[in-house]
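In the two complexes below, subunit A is the common chain; its partner is subunit B in one and subunit C in the other.
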Partner chain A sequence: MRKNSISHKRNVSYMPVIVTALVLYTVFFIVPALYSFYFSLTDWNGYSLEYHFVGFKNFVKVFRDKDLFNSIKFTLIYTVVVNATTIPCSVFLGILLTKKLRGVNFFRSIFFYPAIISMLSLGLIFNEIFRRMLPMIGQTLGVGALETSLLSTKAGAVAAVIILGFWQNLSIPTVLLIAALQSVPGELTEAAKIDGAGPLARFRVVTFPYLASTLVICLVKGIRDALVVFDYIISLTQGGPAKATTSMGYKIYLMGSTDMKFSQGCATAIVLFLFIALASFFIMKVVGRGGIEQQ
Partner chain B sequence: MMNMKTKKRITNILTYICLIFWFLCIALVLYVTVVNSFKTQAESSKSFLTLPEAFNIQNYIEVFNRSGFLQAVFNTTFFTLVSIAIVTIFVPAVSYAVNQTMPLKTSKFTLYYITAAMFVPFQIVALPLSMFMKGLGLGNRLSIIIIFVTYPLIQGVYLCNGYLKTIPRELAESAYVEGAGSWKTFFKVIFPIMKPMTATIVITNFLWMWNEFLISLMILGADKKTQTLPLFIYSFKGQYSIEYNLLFAAIVLSSIPLTVMYVFLQKYIVAGLAGGAVKG
Partner chain C sequence: MRKRWLAIGLTAVMMTGMVGASAQAAEKSTDTDEQVTLELFWQKSNTNVIQEIIDKFEAENPNIKIELTATSSDTGKQIFQTRMATNEPMDLVQHWPSQAEFRAMCKEGRMVDLSGYDWTDNIIDTYYDMSCVDDKLYSVPLSINAGVVAYNKDIFEENNLEVPSTWDELIKAADTLKAADVTPFIFSNGDKENCSQKFHIMTAAVADDKWNPYDFYVGMYEGSGAKFADNDYSKKAAERLYLLSDEYAQNDPMSTNYDLSMQMFANGEGAMMITGTWAQSDIEKNNPEINMGMFALPTDDGVNMMISGIDPCIAAMTGTGKEEYAAKFLEFVSRTENAQIYTDYDKSPSPIKGVKTENPTIDLVLGYIEEGKAIPWWRDYISTGVVSDEADLAQAFLMDGDMDAFLEGEEEIVLRQED
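Moving on to the complex of A and B:
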């Protein structure tokens, strides 16, 4: 009884921290999020004094409107391609970087560096590379394919955003997978080798189970980051040419600021949220199953 | 036996080829950025790849003299340092309080309530937030700091919770019974134990705050006085889109602090990020 009242007294003194945190989080995250839900059911443009309830009209529009549909398509293509390339490549690089070779630490520290630079700066740098540097090189070498900027065609611009996404997003999964690969017991691989398992079989049976939980984290984070992509777009392509690279994240921003389609923007944001929630849930269920529990 | 050796040699050579290839892909981008920040525009227009004739720092001087640059450096440093200082104490304290000082049921509920936001994209709050902040009349500076202090809670509490589960409640209780005040218990007993997790949270959020763009764009907009470095760089592009040499110089300058930190704290940064992910 005495102990209980003591710990109760102790616990009470932490109340102010909990209350502060809950108030901040509720007021500055939950309330704006609820506002978003509320406005998604209206036709408010962000400026007018009055607005009306329109039910789920905005949500229907997300899939009916041609521009919005295209931006969903681009966002999904970007997400799938970037993750389908970075994750396998980071497993591959991780395997190379856990070999006992000279200079491996040097490569590790360079390979991680892209994660430190801001997405915005990289978008601007790649913009100059694609728009000026590559055509210049094309002209000097007389390579016709390089002479026109990649950013001037629709497919080229999509490829450019993907290249940038790949370039930067390879770094963090690689580091995480190195850590996971180091947790694979050496005896197991040796035993499999003696049993005559080839490198692929060894990877599938011995190594993969140790990577599964890290892969889930990389995929969930990678897919989430790709679905909300904004900084690359505003700095590299500004959504062009002909809106070919207008991602959902960028489109929402446009709708809320210049396009005066506030409520439509809110509805699109909610659809984006559903994509993220579905993808995360799916990955955790499907990929997460193949692993062994660590810790 | 000989065969095995040559085979190993070949795989090693292939390994190095792959590693060097990716190294060159990264180095090329960094090289282009740095080299052209030292060139005059006439030089760059001849070739992006050649070294500058002379390392002139004219571009850097011009960036320094551009109105708003020093203000942006100050603002970003101010926002990041103040928010990080608060986050360093606040996130572990909240996590501890939620995890170990609340009744079990309330604790679980609070935890779910806060961490549910992990699946919510910032875009959902982005549009109403700037309007909301203006409505509250908190001012730009305070608005940014509030956001920078609040949003790290979402992942931070989740990460710390995993870590705190391994610490028995009795540990802090016994310290308290022995006469340490409740806050003294936290700082003397709990905070030191949580150091590795706190490091992860501080590092990831430092990177985020320094480079953050969308929130600042929504809340600060075009206000020069509270502009952050990413906003400065972005406005640079709009206004002087042809002066890419200056843009490169501005980018290099804004990346220096994190780069220096990375060079000296590399081990901790990499381990911190990896540690957070493994637990999360």
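Moving on to the complex of A and C:
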């Protein structure tokens, strides 16, 4: 009884904080989201004062659009490859960076560095690297493979976007995993060692359960970020060459800004949203199972 | 993506709401002493020249004050979109009459119809017509551009070349340069918009007295029933463009974007470049010392047509209650002596009668404009939602050279109707 009233009091004192966050979230996220659903049912072009209801016509168009399949394919390839490479690499890096190494803080900040540069500037920097620097190195050293820029072929451009995605997306999971790794009790690892468990077995039995919930966060964040990839595309490839790197996010942007198809852009965005929601739900259910709940 | 987008939109809506409210408050207080303040929304970076014109206007009209809202063109587009959608009109707006959103706003009656004013006679007829939307004039053009070939005069001199006056001479010059180990053309195929732009320039450069791309493509859009398959000119334009990009461009043109092509041309890494008159300032920014010129892309028997359009324009918006004052400013801008101020800074040809352009770089081009050999960028007059699709198509064509796919795609794009 006494315990209950204390926790009740505590909850009351949290209320203003939660309510503020909820109000802000509603105003800036939920209302616009509902608004965009509303516009997806109209023929609004993004500028006019007048528009008409057209029902689900825009959604029909989304699925009839012959380029949509292309965009989904690229977006999925990007999402799968980037996450399949960044997550294992960041686990590995995280383990290295929690070892007692000299200058470990220096390395931690070096690996975190890509996360603090804006994605648009990164695209511009890599533009120089892919368009100028690498071909120049190739020509000077006579390396045939480097002489033509990655960005001038369809497959190359996809690879270039993935390389950039990998480079930037490695940092945040690494930092989160370092924090999670530090929460693994030392005595458990010690005990496992004494019981004769090798490094792999120790990781699987002792460390992994402590990482599971963080991994879910990293995966959900990684997949969401990858499915809406947009900034690199606009500054690195403009969706080209010949639509090879037109992601869903970039496609939505083009519809809303250049092509005056705002309502169709909204419809595409909703399809993308459902996609992300399903993927996130699935990951939380599947990967999230079996981890140790941490506070 | 979607959330971030709408959050930005909503914030912008709120911000403009506040601006609107304060503007209304300001209006009330000025009503009493008959002072009027107009807002001029300016999207280009050359604010100093428009400020000079504003200062002169304010000196002549002490009761009208013009406040400049200057944005760079990237954010300008978003601000314009938000303010159109939320019905917060600016009194005066600088835009481009070729842009789909501007034309859509004209069609919706959001811009003041200027057709009835006498002073619009001061606009050169060709450019008056180009400025029109549904045969009505909604804006005063400030300067014009043209699709041309930029060439490096020093490289031409070193190789004893003259400015080519026919297509064969152009190819001969390119062969000479190639034999001398000089890159004849710099292409920026990494920039998809540049690819379709070059195709448009080329369609004008194959025109003759029997055919011109504006009548043909816009005619098709309007239902003339013509077909790409029956048309040798479209094919010729595509073939010639591909030939130049495939045979005479630098190594790996697909990796070059617009900015890089400007740097390369400025550094003398190539002799020629198909581009627009607007490239002059971008090239000179990279190398102020460059000795360059521009000529019109010739066809078999000389230059018949050159593609040209209006660069920026100024329009007045409806629903502000200050339309009369705004029109007064437009009249002021369209006077020869004031248009001259703009041209002296901008160096581009002027669409206003009697204005002299002092710019040796485009001497060879000015003649054709004066002779009326200019035809509009035809893509602006077909359906609005095709810009990025056409750019992708042209880029794919320059990459793989698949002529049939390109012409079929172009036909579909020209015939596409708004839905």
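Simple rule for what comes next: the second predicted complex is superposed on the first by the 243 of 295 C-alpha atoms of A that agree within 3 Å, B and C clash if a C-alpha of one lies under 4 Å from a C-alpha of the other, contacts with A are read in each partner's own complex, and residues count from 1 in each chain.
The working rule: contacts are C-beta pairs under 8 Å (C-beta built on N, C-alpha and C of every residue); 3 or more make two chains touch, one makes a residue touch a chain.
A quick note: this is a predicted structure, and the numbers were derived from the prediction, not measured.
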In the overlay, answer first, second, both or neither for which of subunit B and subunit C A:93 touches. first
A:243 in the overlay: touching subunit B, subunit C, both, or neither? Say first, second, both or neither. second
Quick one: classify A:235 as touching subunit B (first), subunit C (second), both or neither. first
A:22 in the overlay: touching subunit B, subunit C, both, or neither? Say first, second, both or neither. first
Can A:80 be said to touch subunit B (first), subunit C (second), both, or neither? neither
Looking at the overlay, does A:179 come into contact with subunit B only (first), subunit C only (second), both, or neither? first
First, second, both or neither for A:286, with subunit B first and subunit C second: neither
Name the chain, either subunit B or subunit C, that contacts more residues of subunit A. B
In the overlaid three-chain picture, which partner chain does A:201 touch, first (subunit B) or second (subunit C), both, or neither? neither
Partner chain in contact with A:125 - subunit B first, subunit C second, else both or neither: first
Do any residues of subunit A touch both subunit B and subunit C, and if so, which are they? 28-29, 31-33, 35-36, 46, 132, 228, 230, 248-249, 252-253, 256, 266, 269-270, 272-273
Can you name the residues of subunit C that touch subunit A in the complex? 1-3, 5-7, 9-11, 77-78, 81, 84-85, 87, 100-101, 104-105, 108, 189-192, 251-257, 260, 384-389, 392, 395-396, 399-400
What part of subunit B is in contact with subunit A in the complex they form? 12, 15-16, 18-19, 22-23, 25-27, 29-30, 32-33, 36, 44, 47-49, 90, 93-94, 96-98, 101-102, 110, 113-114, 117, 119-129, 131-132, 146-147, 149-151, 153-154, 157, 172-173, 176-177, 181-183, 185, 207, 210-211, 213-214, 217-218, 230, 233-234, 237, 244, 247-248, 251, 254-255, 258-259, 262, 266, 270, 273-274, 277-278, 280
Parts of subunit A lying in touch with subunit B, wherever the complex brings them together: 3, 6-7, 10-11, 13-15, 17-18, 20-22, 24-25, 28-33, 35-36, 39, 46, 92-93, 96-97, 99, 101, 103, 107-122, 124-126, 128-129, 132-133, 136-137, 140, 167, 170, 172, 175-176, 178-180, 213-214, 217-218, 221, 224, 227-228, 230-231, 234-235, 248-249, 252-253, 255-256, 262, 265-266, 268-270, 272-273, 276-277, 280, 294
Using the touch rule from the top, collect the residues of subunit A that touch subunit C in their complex. 27-29, 31-33, 35-36, 45-50, 127, 130-132, 135, 147-149, 151-154, 228, 230, 238-243, 246, 248-249, 252-254, 256-261, 266, 269-270, 272-273
